[in-house]
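Input: a single structure, listed below in structure tokens.
Order of writing sets the labels: A, B, C and D. Residues in every chain begin at 1.
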């Protein structure tokens, strides 16, 4: 069965496992939302999931295409707005986890969602921050889910949209309240950040991925522990939930 | 019929006439609410009436005993809260008229609703500001409805709860946004304020009241114009509305 | 789904003396009387109370001697009379009262709810309300500032983050999702500013009911520590759509509150003399009497 | 009772070139497309647009060359693609874009709605988002400040008070009392910050309907200058409870928006080629096609 498991399914399950029961999570589009719903339907039934547009505890139906798609906010318990979710929860300091995607992420966990620079230095704009910078600034810990590619994990991001540990400085030195980037979950591995140097460290590799592959596909030096565990695979039940209930059309989980 | 008209009915009608159609009015308990409802049911159908607790366009049923009485907020078009009414309307600067009561009011239109000093200098606390200070600070003009007694109209209030033209200074000198006290409607007369000196002036006396009586019952010097008009009495229709619809139990209008 | 229902006695036992408690009532509406009575029965002391417009809830707690500090915007029992116990405590100095205004209390809670340590405001200025605050112990909660963009003078208010807020609502599920019918004064900001939030509900509903109109959820479950289910829990104050204020009982209360000795009688009879809120409800008149206060569906009162 | 219903053409004629317009959409939901099309037909120029998370509304206006300045928190067309016209305009410099975040835009509107000239915030700090703003023309809208109570460093944001805000709602009466179903993003703060407020509604209801649930009135009549009644007025974006986004049309749009010439074709066919929104609706497929997008009552989409 292992061979059949798609990397995005490992990512979703790993993301879900980072969440503890009764935590409050702000979720972004795509895999973050899939991971949070998976956690809620397995080990964390008391999880509170928030969407920045003003949704609490959604129970997505069919597969939503974005935050503004009513499939994602189906059967929620609250519909309010930015001021409530991002102001009275995130800025209030009660959000445990912010779950983000990234175009680029660097060794200090800084996130770029604004633009890409081509080799010619020509700039290609993308979506910008939306709630990303707010979440990165204010959530107690930030979990990023993204593809593992050398160009997406550069030494320094082309645009620092959402701060992790800028220049390796601590969050309090940066004047930021939240705990910063805590985990980066990719299709190859899970990264964490050294509590002293605030630079990225390898925490586990997914089954079938070698450390060399990870290093080769990472644009910055990774601290690598001597004993490197394998990432836990999704359980049968997790796979069933992902495939049959949460993303039956395989929009986010690949196919 | 004039003889039968109660002074409170003159006050309510005079209060109503100070309101123009399509204005936005924050209303306090008692006669202010009665006056605003009268205006809305006569010449100002487009009047928007706000209650600080979070009510817009109430259509009071029976006679309410206070702002928190559901009889006052019956059939309103909005139920929200302080932040909406007092923040997003009053502090926003879109409230034309604030309609207040007063324990005491002085020659510069300063209002006391906090305490009274007995002759022994012993202090008797009363209700405090609630929204009164906010309304006096921020509404474009303030209309006060109160009984005309020497002790209630002193040279200086025992406690300056809600500012008019403190020490005769202009509102901008005081750092205040609203236009300050504009009219004082009593059971004897209507007062205004001199645009230069900001001190009180007599604008009209109610039929049957002499200027001497007014002066005798006022604790500060009043500017008195040579041509002093009589206050217009309530029309038959106004009296009918007041007596039959708005305050049929004569809770606010006396009996 | 977590079931957060608790008894009022359980909850009140967790409130330490000296706590800052925010009360969700307004004058004679939606006062958390069931909590007020239990605080008195358990003889909490040295409380700080905050509220926009204080009513019977605060008057009872101050009269019963539980309170050392008030942070309020004003208050009364509407046409039934002033808050006699609060005013007497101010006059004798037995309570330190920081007297603000409705909006400034709301803005202080708003700052707390938004995780901001301060909020600017344009009222209070040029008043004795501010002068008294600035020359008293409230000075540490106030600063003047010029807006760097416009040059306009502002007062800065320090945020208020009560240790615990008690809000009485009409409808909640067992997890704590709440709907409030009728005006909400500063309930939302106050509830979300507090470190702990306890709701008292007239009616317990399944979560499915909440999910039918999620726009109506003013307080979401994850902010709520416990839900106390107590029908007529706000008596003798009014709960819109559930029951009217009890005019006779309020007159009786005001009659007693004018005099400290008679106030003690009131507390002895109705609060200490009742083991819990059900006993209190029997004492004030019982089922038939209370049915008479029930709201007429169409009018809501 | 005032009847404030107006046609979109009447209203758009009152918008001067150079206005600051706030758009109430979010990505592909509740975009005031009927207004966007008319702004393009009337060829307004030099507009400033502000919005939390920009979607099709802003992309159309920027693509059609009406816009010189953006103040936004981000934006996309969700899975359908990026805002190609907005991104191209940023890349070519044809638009000056002040790029904030969702919360900072919301706080700027909140300040405007509350009549405060500034609002503190704890995000943006230590980011290139802030660095770019502070080193550009947005510098005049930003200051650093230490909280006088806690010593914590804050960013101060200048309030945003748009000349006019367009908010698309599901339900309004003829006077302008509005209900919004589903999440409301920053609609309330944006609407109440604006100097003029125009609402576009899917459904016109009598005021009695509003009075049945006054808790649901997010925008009150007295703030509203005009009500535009236009069913399917947000097509091809979604309106919760009314209709789903039109996936086929959004794909067609994105396909055109990748290229300036093809974008012009899109505008020519669907916007300039339609005299009004009814004609546009016929052109995209007409009644039978639109009925297919109608929300299923139970699901809401």
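Definition applied: contacts are C-beta pairs under 8 Å (C-beta built on N, C-alpha and C of every residue); 3 or more make two chains touch, one makes a residue touch a chain.
This structure is a prediction, so every number in the text was calculated from the model and none was measured.
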Can you list every chain in contact with both chain B and chain D?
C
For the pairs A-D and A-C, output the one whose chains share more C-beta pairs in contact.
A-D
From the mean C-alpha coordinate of chain A to that of chain B, what's the distance rounded to whole Å?
58
Centre distance in Å when chain B and chain C are each reduced to the mean of their C-alpha atoms:
28
Could you tell me the distance, in whole angstrom, between the mean C-alpha positions of chain A and chain C?
41
Chain B: which residues touch two or more other chains?
79-80, 83, 87, 91, 138, 177
Touching two or more other chains - residues of chain C
115-116, 121-122, 152, 181-182, 184, 215
Based on which chains touch which, is the overall arrangement a line, ring, star, complete graph, or other?
other
Interchain pairs in contact, sorted by label
A-C, A-D, B-C, B-D, C-D
If you look only at chain B, which of its residues touch chain C in the complex?
29, 51-55, 61, 65-71, 73-74, 79-83, 86-87, 90-91, 113-114, 122-134, 137-138, 159-163, 166, 174-177, 251
In the complex with chain C, residue positions of chain D that touch it:
115-118, 120-122, 140-141, 143, 145, 147-150, 152, 154, 156, 158, 180-182, 184, 215-216
Touching residues (chain side chain A, partner chain C) in the complex:
22, 24, 45-46, 48, 56-57, 75-80, 83, 87-88, 91-94, 138, 177
In their shared complex, at which residues does chain C touch chain B?
26-30, 52-53, 55, 72-76, 78-80, 82-83, 86-87, 90-91, 99-104, 106-107, 110, 121-129, 131, 152-153, 181-189, 237-238, 240-241, 244-245, 247, 295, 299-301
Chain B-facing residues of chain D, complex
1-2, 113-116, 177, 192, 207, 210-211, 214-215, 217, 220-223
